[in-house]
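Next up, some structures in structure tokens.
Here chain A shows up in two complexes: once beside chain B, once beside chain C.
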Partner chain A sequence: MIALHDYDLSAEGYAVRLFLALLGLDYRLLPVEFYPAREHEGEEFRALSPMASLPVLVDGDLVLTEVAGILSYLAARHGGADWYPAGDAAQLGRIGDGLALSARLAATAGAVRLADGMMLPLDGAAARAEAKRLLRVIDERLWFGEAAGDDWLCPGPRPSIADIACFPHIVLAEEGDIPLIDYPAIRRWLDRVRRLPGFVVMPGVFGA
Partner chain B sequence: MSYHPVASSRDLAGRHVFQACLLGQDIALWRADDGTVNAWENRCPHRGVRLSLGVNLGDRLMCRYHGWRYDSGSGACSHIPAHPEGPIPATLCARRFPVIEAGGLVFVALGDDTAALPTLPETAIPLRALPVGRPAEAIAAALAGAGLAAAGPLHFAETQGGATVHLLIQPASGTTCVIHGLADMSAEALPLQRHMSRLMESRRRAWEARP
Partner chain C sequence: MGFKMTETGGIDPDTWNRWHVVGCHDELPDDGARATRLLGRAITVERRGSGAEVRLTGGGALPVKVAYGYVWSSLGTPGPLFELPEHAEADRRNLNGCSFFVRTSPPRAIENFLDMAHFPFVHTGILGEEAHPDVKDYDVAISTDGREVVASNCHFYQPKAAAASTGGVDVTYRYRVPHPWCAILYKDSPAKPGRSDVIALFVQPCGEEEIVANLALFILDDDTPLPALRRFQQQIFVQDKPILENQMPRRLPLYPRADSPVRADKASIAYRRWLRQLGTSFGVLS
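Take a look at the complex of A and B:
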């Protein structure tokens, strides 16, 4: 059975929990106290993951330590054509772009949320400014997507793991004092993600 | 207080709650399933939670915090989950603002003044609205300075891609505004919408780069 080492307030961990729920997969949750104990930096956890970051997914001998890798694996292994368009090179490229975008969000909106909540050192103003730049780009993309009849970050009738990876950092952005009022297309997209069958919440995230 | 644009009709998607800010007043905007547009103070009368975090139930808006429900149109509270049988005072009501949908945009006035709307083209297509981190007056001055024709203090027009484009400035907070665009055309709108989005993004970068 899949095991997930995770912390319940982790946005990255939530992306994985959300995708596991959307896929209807059972898994074993192994809580790691990120704050205040910082268990992920202990020797025991480093033996599993030298990255000392959360979440970590273990499936048999496979150990994955980044959201992009975990979601890609789960999509390819369990998601079928709906979540892994194996023959569509352009779409796979777009999904890869979207996963990288989620990492940029994690480093900005995600980091400032953690820094505020857990008193970690960070240049908050710089992180918020870059998050705002990213959100403006995403809002424009989604606005024109809507105009073309597309609901998701990558064109097409179905959401992709790019949506799942980006959603937690955006829906939780206001916890890092990044208001979402200026991104109406993003706010509508958040509603659409919330309405996906199997959607689950985390602290700070409401359902549809 | 006169009417100001706060959203495009398209922004009020089904079962969505749109958040706007007009002259420092936070507003929850939502369209009921029957088409009625509601513009309410973004604050639950019960505990003050933002109604834009709530749920659009189609005919009522439900606050996230304690599930109090407010009717479309009247704004009257019609359900309190903790007191399902209890009488609800008639005064318990979301604070409503006058709202008019016209020319593809949604206009709100903060007072009861029924001042006329800006004169708008009949066949106009809304462009993507652009929030700017500068006060409305500064952007009006910048557009006037760039040679756009002024049709009102916060209303400008220019020709782009063979169409007349109206730019209406929503004074959001004291330091921010939103520019709503209307293109007077009935042809295929997407190329002009893309062109205007890029042009306005470019203008915004220049405006926001200035101290």
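Take a look at the complex of A and C:
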């Protein structure tokens, strides 16, 4: 069975838990205390995840330590054509772009959310300003997408793992004092993700 | 008597002269001071063995007390801190469940802690469930000496009342509010029938709309590992955080019929009346 080493309040961890739920996959959750114990920085956890990154997915001999790798693996292994458009090079490229965008969100909106609530050191003003710039770009992309009949971050009739990877950081942005009121297309997109069959919440996220 | 609000930067005398929590003693850094805020002032908190030192940043030392696992300080001349005798009971485990920074006023956090009506909708499947939304009638009073608000005989159905719970139970609650920004909950212990787990919310007033919420546990549970106890509290508190941060205005309205609670929440009405009696103006709209 898949094992997931994870912290309940991790947005990256939530992306993986959400995708596992959407795929209907069972897994074993192994809690890691990020705050306040910083268990992810301990020797035992670094043996598994040398960069001390959370979550970590273990499936047999395979150990994956970054959300982009984990979602890509799960999509290719269990997602079928719906989640892994194997023959569509352009779409795979766009999904890769979207996963990189989620890493930018993690470094800004995600970092300021954690630093704020858990009182960790960070230049919050700079992180917020960059997060808002990213959200503006995403809001415009979604707005133009909607006008063209597309509901998701990458064009096409179905959501992709880019949506799943970006969703947690955006839906939780207000915890880092980044209001979403100014991004109407983003708010409609958040509601579409919430209505996906199998959607699950995490503490701080509410359902449709 | 003769107290001038100008000497306190406009802070009311009750708030100025109280002890306020400024950190969990165990979680202070091993080396150096931690910077934080108290009533809008920058302060530093440093561990000194089993004691602590608290200073205004770039200024003098402030009164300090270590009690119930936390460091307390004051900008004025504090009297005694409220009693919490359960802290000293030998068979209890005392720990900091979690500390989170929240953008809300201190009294909003206390009101949320006292409010059982939100359990089914915010803590669904843990502290309540939507099929059992009703808060049964309970008793509430300001103590005769005026020093605390007490709510008792609160009954509520909870699917998972504590980390050690194995199923849903009808839980009996009792609350004490012995400090404007500290509330203590006594709740049936799943491990030891007839006794109560004690869960306290100690709010650090960083500013009028900025707090650190500390959940302190004094519980009768020898078995659940520490990380699992903290995990249970964190999960619950993080469900409250967005609710608190979205409450507008962030300061608690104290003027007559403010917020006009649709459901007459007796504990909240008594709490607000008590704050008016104390003359609390910090973090409220009057």
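Heads up, the rule we're going with is that the second predicted complex is superposed on the first by the 208 of 208 C-alpha atoms of A that agree within 3 Å, B and C clash if a C-alpha of one lies under 4 Å from a C-alpha of the other, contacts with A are read in each partner's own complex, and residues count from 1 in each chain.
One rule holds in what follows: a contact is a pair of C-beta atoms (placed from the backbone, for glycine too) under 8 Å apart; a residue touches a chain by one contact, two chains touch by 3 or more.
It should be emphasised that the depicted structure is a prediction, and the values quoted were computed from it without experimental measurement.
When the shared chain is aligned, chain B comes close enough to touch A:Asp191, but chain C does not. After overlaying the two complexes on the shared chain, residue contacts for A:Gly117 are found with chain C alone; chain B is out of touch. In the superposition on chain A, contact of A:Pro203 is made with chain C only, not with chain B. In the superposition on chain A, contact is made by A:Glu140 with chain B only, not with chain C. In the superposed model, A:Cys166 lies in contact with neither chain B nor chain C.
With both structures placed on the common chain, the touch criterion links A:Asp177 to chain C but leaves chain B unconnected. Residue contacts after overlaying the shared chain place A:Ile2 against neither chain B nor chain C. When the two complexes are superposed on chain A, the residues of chain A that touch both chain B and chain C are 206.
Across the complex, chain A is touched by residues 27, 36, 96, 98-103, 212, 227-228, 230-231, 234-236, 238-239, 241-242, 245-246 of chain C.
Residues 8-9, 31, 33, 35-37, 39, 116-119, 174-175, 177, 203-204, 206 of chain A are the ones that touch chain C when the two sit in their complex.
The touching residues of chain B, counted against chain A in their complex, run 7, 10-11, 13, 15-16, 18-21, 53, 55, 64, 128-129, 131, 178, 190, 193-194, 197, 201. Across the interface of their complex, chain B is touched by residues 136, 140, 143-144, 146-148, 180-182, 184, 187-188, 191, 206, 208 of chain A.
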